[in-house]
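Following this line, the structures themselves.
You will see subunit A twice below: alongside subunit B first, and alongside subunit C after that.
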Partner chain A sequence: MVDSVFLALSVLTIGSAIVALEIRSLIYGSIALMITLSGVAGFFLLLDAPFVAMFQLSVYVGSIAVLILFTVMLVRRELIFNKVEDKRRRYAGIGLMLALMLGMGTIIIGSGLKTMDTNSPMVDYKKIGEDFLTYYSPALIVMALILASSITGAMTLARREDAIDDQRAD
Partner chain B sequence: MSTIAPQFRFSRFIASLFDLIFWVLLIFSLVGLPIVFIILFYIKLPIINGQLMTPYLSMTWMADPSRTLPIVKNFIHTTIFRVMVFPGFGFAALLAAATIFVERKFLAKMQLRVGPLYCGKIEGILQLMGDGFKLMSKEIIIPAKADKPIFWMGPLLFVGAAGAFVSLIPVAPGWVVANPSVGLLAVFAIIGFFPIIAVLTAWAANSKWTFIGGLRALHQMVAFEIPLILSLLGVVILSGSLNLSHIVESQQHFWWITFVPIGAIVFFITIFAELERIPFDLPEAESEIVAGWLTEFSGMMYGLIQLGTYLKLYAFAGLFVVLFLGGWNGPMVWPPFPQDIITNGITIGPVTAKFPGLPLFDQQMLNGTLWFVIKTVGVILLILLPRGVFPRVRMDIALHTGWYKLIGLAFINIFIALGLLYAGVLGPGGLLQ
Partner chain C sequence: MTNALIDFILVSVALLAIGIYGMAVKRNAIRMLFGIEMIINSANLNLVAFSRYIPNSQGQTLALFSIAIAAAEVAVGLALVIVAYRMYRNIDIADFRSLKG
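What follows is the complex of A and B.
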């Protein structure tokens, strides 16, 4: 069961990733990218990590893919791309990808991943939260500071001083 | 004069019916039954009362009415019943359909109109059925230069996402379709799909009205998604869980709306924006951009979008009830099932019929469902109310509300929840739990 699901997810993820790179239509490319990211969320679900899977869906599919879609729709394609059809570039790209995958595969296989226990019980997300608040608290504080400053920055950027309109709500 | 069937004869109609019955029987016995048996060969059949449930056995039991109830009871506890009927699609679609009719009558009464009146003699009670038949019988028109695959997929994806949302809402203790440990995060993930569907179908229809509407939907939903997520964090902090059933169980003594009312108000306002309802119905503003991103839909495609919208309305109202109003918790008002019927059966004159397997549902579940439905209907009416009262806001005011005021209020709400937690009043290990 899990194996067949894993196989289907792999085909879906890698196939739509190739489609996202190769298809001419930018909209269809971004849809294929969404399917790829959802497939990655599916892998997290298979790995007993629903917390990460849901965040993958809500952040990558729900926000970043929307951003890409939004940008693609508002930009005319001819203005940003001039077609460079070159067979040699394509073959070089495929070769580079194969070399990278081979290299990463040898590293992963050589890293002793096979000896890991695959039947260990699922980690509760509450345990992750406890770890964050105790052992990894400096990392949490740094992340909180970064997020707070980015939210403050976003709100400052969104503030429009130039718009003077007495019909506004504020 | 009707031109649909100019040479209609009743005898031919009857003959055609017999013809049809003959062919259906023939095809069923020659093709249908073998297919059923081939499928049953692969399905793991349940064992009831120590006997393996074969098709013949089930038909034998169905012929005896006193043995039917255990089969029905067994069916009620299967996953397919949960998905199709009770906490899932059927229940939600029933509530959604009732909402459509009630909305029209309710708004009409509010504005001193009569609303739908003629269809079905009594207060236009059959109007909804008439609308449904009209939508199903209409032609589906695809615009000439539309992007057909995305245009066809749009309504299906919309209903699918709304159905996924519905499946996460717990209705009664143990009665929920999907109960993941991170249910609230799943809700956030599903809500993120709606703007994508809106903007993709809007783009695929290849019309300026739909595209403007789609962009407005995208702007608005993305702007209100952040306060939505932040406003619910207060409840998560206080209840210490992301599982929706656990959140309901944590409200046995107090509803969270009493401690985090600001979060409830922020969430309630964001519901309007996510549902594209007045005062935030800019994506479908009918006086400006025809029907917004729904302009090019016709026939049952439009019907599916409407179904999805009202399923989403039910799901949001249910989520509000689950998170802030205590879900299925309430005083036990449902009467217990009479013991007489279980032990002695029903006696009508000389005949006594015994029904083994009663009661079908336990008292807890019926009482929980009753309270959940009462609260949800109340919240749905509150969501419908502003449509009769408020005008539509301008786009910049809507976005300003979302990005400034609601986010600020949501942060205040989080600090209130954290204060209650650190003061030791509420939350895991608090004074009041």
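What follows is the complex of A and C.
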């Protein structure tokens, strides 16, 4: 049986995910996405993974959502509220979504995962930190390089080459 | 723990389906990024849920790596959106046609 915290979190997460995709204004959409990401962080807390939850909050809610919000504010105002989409495509998408949910849901409910329950103690998050600095340290370094190169690449992409002598361009 | 593994998996399936819906239907580039974020989050939720119920710490480690890579991906994706907006003055992906044959 699920408890009430889980139920409230799942309603919040899935509801705000739908709102993020369907609401007219992109600004409210990115705020709803922020709520979805916080809800997933709440699930991580329920799963006794406080380290991952804090990482999720600081990386997703703290940086990615703010980045998306700033990008939304950079585009023109009428584009933020603009919503062009094909009606038939939309119905097909809703059908695909329901088919995925029902199909995968029945497969998972029919599988043996139902009986999987645990009383074992939670994984110690100190061990994760230790693993990061010992066994996974090459992967950690590669990840740091990927992050640095992607940030550099993003800044290079977004730089304007024509703005040197024309500071007031749009 | 009162919650079983299957509850978390079902929430993750719902999030995945909503993300795929967003990717398939929306033509706004930023909204498609929202869909990608939801799909990545459902994968992370799966990883952490299995890591709790097996129990093993490696799922959480993989989830941490995946979150960091997703941050890099979003940074590049948003930079591409900004570049495309500057070129086409629009963020509708149906207008991004210069690579179309």
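We adopt the following convention: the second predicted complex is superposed on the first by the 109 of 170 C-alpha atoms of A that agree within 3 Å, B and C clash if a C-alpha of one lies under 4 Å from a C-alpha of the other, contacts with A are read in each partner's own complex, and residues count from 1 in each chain.
Throughout what follows, contacts are C-beta pairs under 8 Å (C-beta built on N, C-alpha and C of every residue); 3 or more make two chains touch, one makes a residue touch a chain.
All values reported here derive from a predicted model rather than from experimental measurement.
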{"item": "Partner chain(s) touched by A:Met54 [first = subunit B, second = subunit C, both, neither]", "value": "first"}
{"item": "First, second, both or neither for A:Ile128, with subunit B first and subunit C second", "value": "second"}
{"item": "Partner chain in contact with A:Ala17 - subunit B first, subunit C second, else both or neither", "value": "second"}
{"item": "Partner with the higher number of touched subunit A residues, subunit C or subunit B", "value": "C"}
{"item": "Which of subunit B and subunit C A:Val66 touches, first, second, both or neither", "value": "first"}
{"item": "Touching partner for A:Met104 - first (subunit B), second (subunit C), both, neither", "value": "second"}
{"item": "Partner chain in contact with A:Gly93 - subunit B first, subunit C second, else both or neither", "value": "second"}
{"item": "Touching partner for A:Met34 - first (subunit B), second (subunit C), both, neither", "value": "first"}
{"item": "Touching partner for A:Leu147 - first (subunit B), second (subunit C), both, neither", "value": "second"}
{"item": "Subunit B/subunit C common contact set on subunit A", "value": "51, 55, 63, 124-125, 155, 158"}
{"item": "Touch list for subunit A against partner subunit C, complex", "value": "1-3, 6, 10, 13-14, 17-18, 20-21, 26, 29-30, 33, 36-37, 40, 43-44, 46-49, 51-52, 55-56, 59-60, 63-64, 67-68, 71-72, 74-76, 79, 82-85, 89-90, 92-94, 96-98, 100-101, 104-105, 108-109, 113-114, 116-125, 127-128, 131-132, 136, 139, 143, 146-147, 150-151, 153-155, 157-158, 160"}
{"item": "Residues on subunit C engaged by subunit A in the complex (per definition of touch)", "value": "1-11, 13-22, 24-28, 30-31, 33-35, 37-38, 41, 44-45, 48-49, 51-53, 55-58, 60-61, 63-65, 67-76, 78-83, 85-86, 89-92, 94"}
{"item": "In the complex, subunit A residues that touch subunit B", "value": "27, 31, 34, 50-51, 54-55, 57-58, 61-63, 65-66, 69-70, 73, 124-125, 155, 158, 163, 167-170"}
{"item": "Footprint of subunit A on subunit B - complex, ascending", "value": "147, 150, 180-182, 185-186, 188-189, 191-193, 195-196, 199-200, 203, 215, 218, 222, 225, 242, 394, 396-397, 400-401, 403-404, 407"}
